[in-house]
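Below are the structure tokens for one structure; questions will follow.
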């Protein structure tokens, strides 16, 4: 029982990352009709926003410590962050410690800007081109973006820990009335799930309750009609692209304490997030969220030892199998509208 | 000639001449000169040019003619490679069974995957093929290790049975050969400072590539090829014309898969190792890049694209700062450093960046790839001639 | 007994009864038009005829064989050719190739793995295609890319492609929709020529009264999913029920 | 057709001589070279450094490349000579190898067997490399080793830890200085026993590929031999990034030790997850829960950050070795000094092993008096040396594996900087990690000089 709860938690956690990426992907597809292979790269750039901010916050100057020796036998160079000088070691340390949550504020404008630039500078010119061209040009862009990140940050993973307060785990089982000590779950992963749900909720609320969102939804349903009403749908779509980029970016920011980021983390998620979008139904926002969570849970359960022993290798292929089964039996996906990219 | 129209025959002859003389013109710079770094006329790379040429030609038969974008084509290359190595291990070190069987195995594999994937089209087809290829890769690298050699790859060994061969007297693993001609044997010709290498394996692969190219031309010009182009153009009309598109697509997919398998079989014949990452989706992406870079739906484009990407991968990636400093040493020190700093991110380990930028540029500005570039250039030359009547149909080159 | 017999066909989408007990018979070698205001169920009926939709009830027989549940290529092989609202041709291919494909299909059936011969070396096909093109007055355009043709020429090509298969029934779905007046008249003339020169049955679904009255031998008026009247054009013109159905519509 | 194997450098000389002035074409025959592939005939000799420059191990490859450049500098008499001065064999004298100046070419393995073989072939066929060295994974090492065997080139393996490299896939032309899975297991077991006791229940997470299998087997065998019990061993996909599903069941399984048979990104992510799930702080079976990482590298420690603190593992070498364990490990400081002065930070174990391999190769050529791979192999087989930082070492003839002491390290609690992440716990002597070369099967074959 507790193993099942644990794997459901794992699945929700994994799935919320899939859902956030897929949400943006399907938003872009639904509004702009563009298949964006660079979306994984946006997730990765978001993660590196956190790395960048934590680097900025811990910018240091070197102080020589004569009492200690470095590896060459010279006085040890100790790096003292400016933050410590300015705010004192306590507050300065706390600021550096909270770099990841602070990065949310930093990442939102950066990601929106990147998204808008991407849309205006490149994607815009591909609305009328075939899907294959869109896939290919954004695939090229993804390569370029990740190579740029690699050039500046190296290929190795960069540890970007959560604030002290969120490190470690707590007894989730006791919280829901199980025996204590059975279901231990990390704070940050729970936080990640809650954050993802909040973000998804915000996006839905935005689309549901604002006029802006209403127009965008109408545009998703029938672009031409909305265009004929004299509403400048293009500008709104540009903004939607920025928002999608920001959602992916925030997913990346918050993911950094879970797994230290590196330059190809976006590619690792890209294929899966496409599968999520397709399973959920192209252009369906609730579908993306549902499929993300479901596939996360499915993947988690396929990774359980007993399952692997019964079906070796199932953990590696379960997502793809799910995609194949869904595509063959229900091509519009779980919640896709009939007729949207359906054969 | 050979049942081809004059233009196609000329193209075939030109490609044949290119393949024959590649060892010479790929080494345009004398040995030891600063630019010798850009020479590409060594056996491994030349073999790769033609083998990936075959792969790309085959991919183009599918993507170029029907517009179905398979993102899992590397799976067939991998399946062919494994089959090929197993033939080299079990049957004989002679490459013929390896090449034939790898083509057939890939064909069967393509038949199965195609039968399922072709129930959908568009991006769904792409995702289905991607899913199958990723599954093949994941399984080949792990659970199927006894068959595939896992992450290390499958290779020949001293104690392989090789039932058709005489017992191996030497304590060395025999090299793949064609009736005694070793694939890694070469003859070299030196003229002045120039050095040209003529490699057995390269010419074997080259001849197979010419045959594959010839077959591709025939397919492009055949009624079958016309139906495939019709599928790309308007599948609905084709259906209402009384043609069943499904068997056409499946046949095309299998042919295309067999080309990939043939390439895989040749690869292991030149270098008897099959690694699982050959099946990864990025490897499938590579053949897409090749085809697009060269020119989708054109005959010669994929071959050019394959050559360009392999050239980048093998030549550009080996340029390091040391070399850059040598080349720009004629500049004043400060300027030299500056130039090297500017170029540095794009060469050596940054070759992926250059590739990505180049690829984007091609998609944005040259959707027809290198072939379109060539056509535009030749149009520029022909400007003085009276313009042709508008709307003239230019059949796929 | 007509060549096309539609019996008691009904189709319901959710709460909407799109077709209700449609009975219709198209006699051989006539031109039969089906007209009706928007939402009368014309497209639904058409989709039932060509295998795209499966009616809930009833039967559709062509020359004694049911067409229901057959895929488009099988329906074509029964002898039904279809002309679409917007011309469906192979835009990327040359006009000649466009014309050759249906001729190949007629000769070789639904699938032929002829991957090694040259298209152009098949003289019989090329000749037949050229003959058809000259009938359509398009021989001078044979090497053009089909997508670069004018709207009227595209329609002409499409009809030519259909005729090249010698169909027994030509199904036309608003063949002049969106056309300029001159192109419309050309198309009408072409269809009249075809009617006179060939033994062919034509079923036409149309909105435009001008086209219908210039072509049809017999007209069925469809309203709210049911045939209202069926008669010769002269009788339809002044029919009160038809006027009622079209009330408010200006044509 | 006249067929010869490739002998690029030899050819230039002959070709140039025959074609001088007249530019007459010269067809080269089998007699025009010295009987082995790429025999150097000019005043230089070219080595091929095949390291990952793109992909996840690019940073490790960059560190290897730095060490190679340093080794070349030292061989040619530049710099401070590094470990040349401490090396027990004194045949190298700073004038290159056999009087020929050492030059090098580089290739990118991309950490893929296919790509690694392509770049190795290009260095052999195009650049005339006489020896290939490098790599940072066993798959690549095994693939390139067999290529070199076929081509008639010596292969000096870089970072490769799988038993297979000198076990079932060993080749007469291939040599490995780095230690292996078996030695890791053997070295770790006694130290784990003394720190965590002999009554432990271990849970293995194993990367699902060849290296993972051999490492799991080695650690299992040696820990079970001293009384540990293996509760479960679960294979994790190589491409896995989120290990939560594999980590979460560990606490409930009755195990009290988690062994992560992971390397590189796998290890960084699995360890990070394990620490997140509170395994470090947990108690099981009345004991503190412990985590073990059989193979450590500095880049992994860097990637995992604070999470490595207190976690045991093994390494081939560490820059502080001579300071901690004394002058038995002479050479370490010399190397650190020379590397640190040039690059500003201490070398990694990958850098150390490839530096050693380059020197060992050069020395063997020098002693053999020939670049002929068979002569070099003979000079390396059974070669006993000291002063390269690992203490007395022998290049075992039976499987071309170096037998030397193995370091057991643990993550530092309070590292002073990015390079000070590990501390040496103990050094297991060579005798304790020696094994019978026959146990892994395989066959060296006979040495192949190429032509």
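Residue numbering begins at 1 within each chain, and the chains themselves are lettered A, B, C and D in the order written.
Everything below uses one rule, namely that contacts are C-beta pairs under 8 Å (C-beta built on N, C-alpha and C of every residue); 3 or more make two chains touch, one makes a residue touch a chain.
Here the structure is a predicted model, which means the values were calculated and not measured.
Student: Measuring from the mean of all protein Cα atoms shown, which chain centre lies nearest?
Tutor: Per-chain C-alpha centroids compared to the overall one single out B.
Student: Sort the other chains by how far their Cα centres are from that of chain A and give me the top one.
Tutor: C
Student: If you count the C-beta pairs in contact for each pair of chains, which pair comes out on top?
Tutor: Ranked by contacting C-beta pairs, first place goes to B-D.
Student: Measuring from the mean C-alpha position of chain A to the mean C-alpha position of chain B, what distance in angstrom results?
Tutor: Comparing mean C-alpha positions, chain B is 35 Å from chain A.
Student: Measuring from the mean C-alpha position of chain A to the mean C-alpha position of chain C, what distance in angstrom results?
Tutor: 52
Student: Taking each chain's centre as the mean position of its Cα atoms, how many Å separate chain C from chain D?
Tutor: 74
Student: Give me the residue numbers in chain A that touch at least two other chains, ranges are fine.
Tutor: Within chain A, the residues that touch at least two other chains are 312, 316.
Student: Two or more other chains touching the same residue: where does that happen in chain B?
Tutor: 138, 142-143, 352
Student: Could you check chain C for residues that touch two or more other chains and list them?
Tutor: Expected reply: no residues.
Student: According to the definition of touch, which chains form touching pairs?
Tutor: A-B, A-D, B-C, B-D
Student: Enumerate the contact residues on chain A facing chain B in the complex.
Tutor: 35, 122, 125, 129-133, 135-137, 139-144, 147-148, 151, 267, 271, 274-275, 278, 282, 312-313, 316-317, 320-321, 323-324, 327-328, 331, 341, 343
Student: What does chain B use to touch chain C in their complex?
Tutor: Touch list, chain B to chain C: 3-5, 218-219, 221-227, 229-230, 232-234, 236-245, 247-248, 251, 255, 390-393, 395.
Student: Any idea which chain B residues touch chain D in the complex?
Tutor: Those in contact with chain D are residues 31-32, 39, 42-45, 48, 138, 141-143, 145, 150-153, 155, 158-159, 170-173, 175, 181-182, 184-193, 195, 197-198, 200, 271, 273, 275, 277-278, 313-314, 317-318, 320, 348-349, 351-352.
Student: Write out the stretch or stretches of chain B touching chain A in their complex.
Tutor: 63, 67, 69, 116, 119-124, 126-128, 130-132, 134-135, 138-139, 142-144, 281-282, 285, 288-289, 292, 345, 350, 352-353, 355-357, 359-360, 363-364, 367
Student: Inside the complex, what are the residues of chain D that reach chain A?
Tutor: 54-60, 208, 232, 234-237, 239, 241-242, 244-246, 248-249, 251-252, 265, 268-269, 272-273, 276-278, 281-282, 299, 302-307, 319-320, 336-337, 340-341, 345-346, 416-417, 419-420
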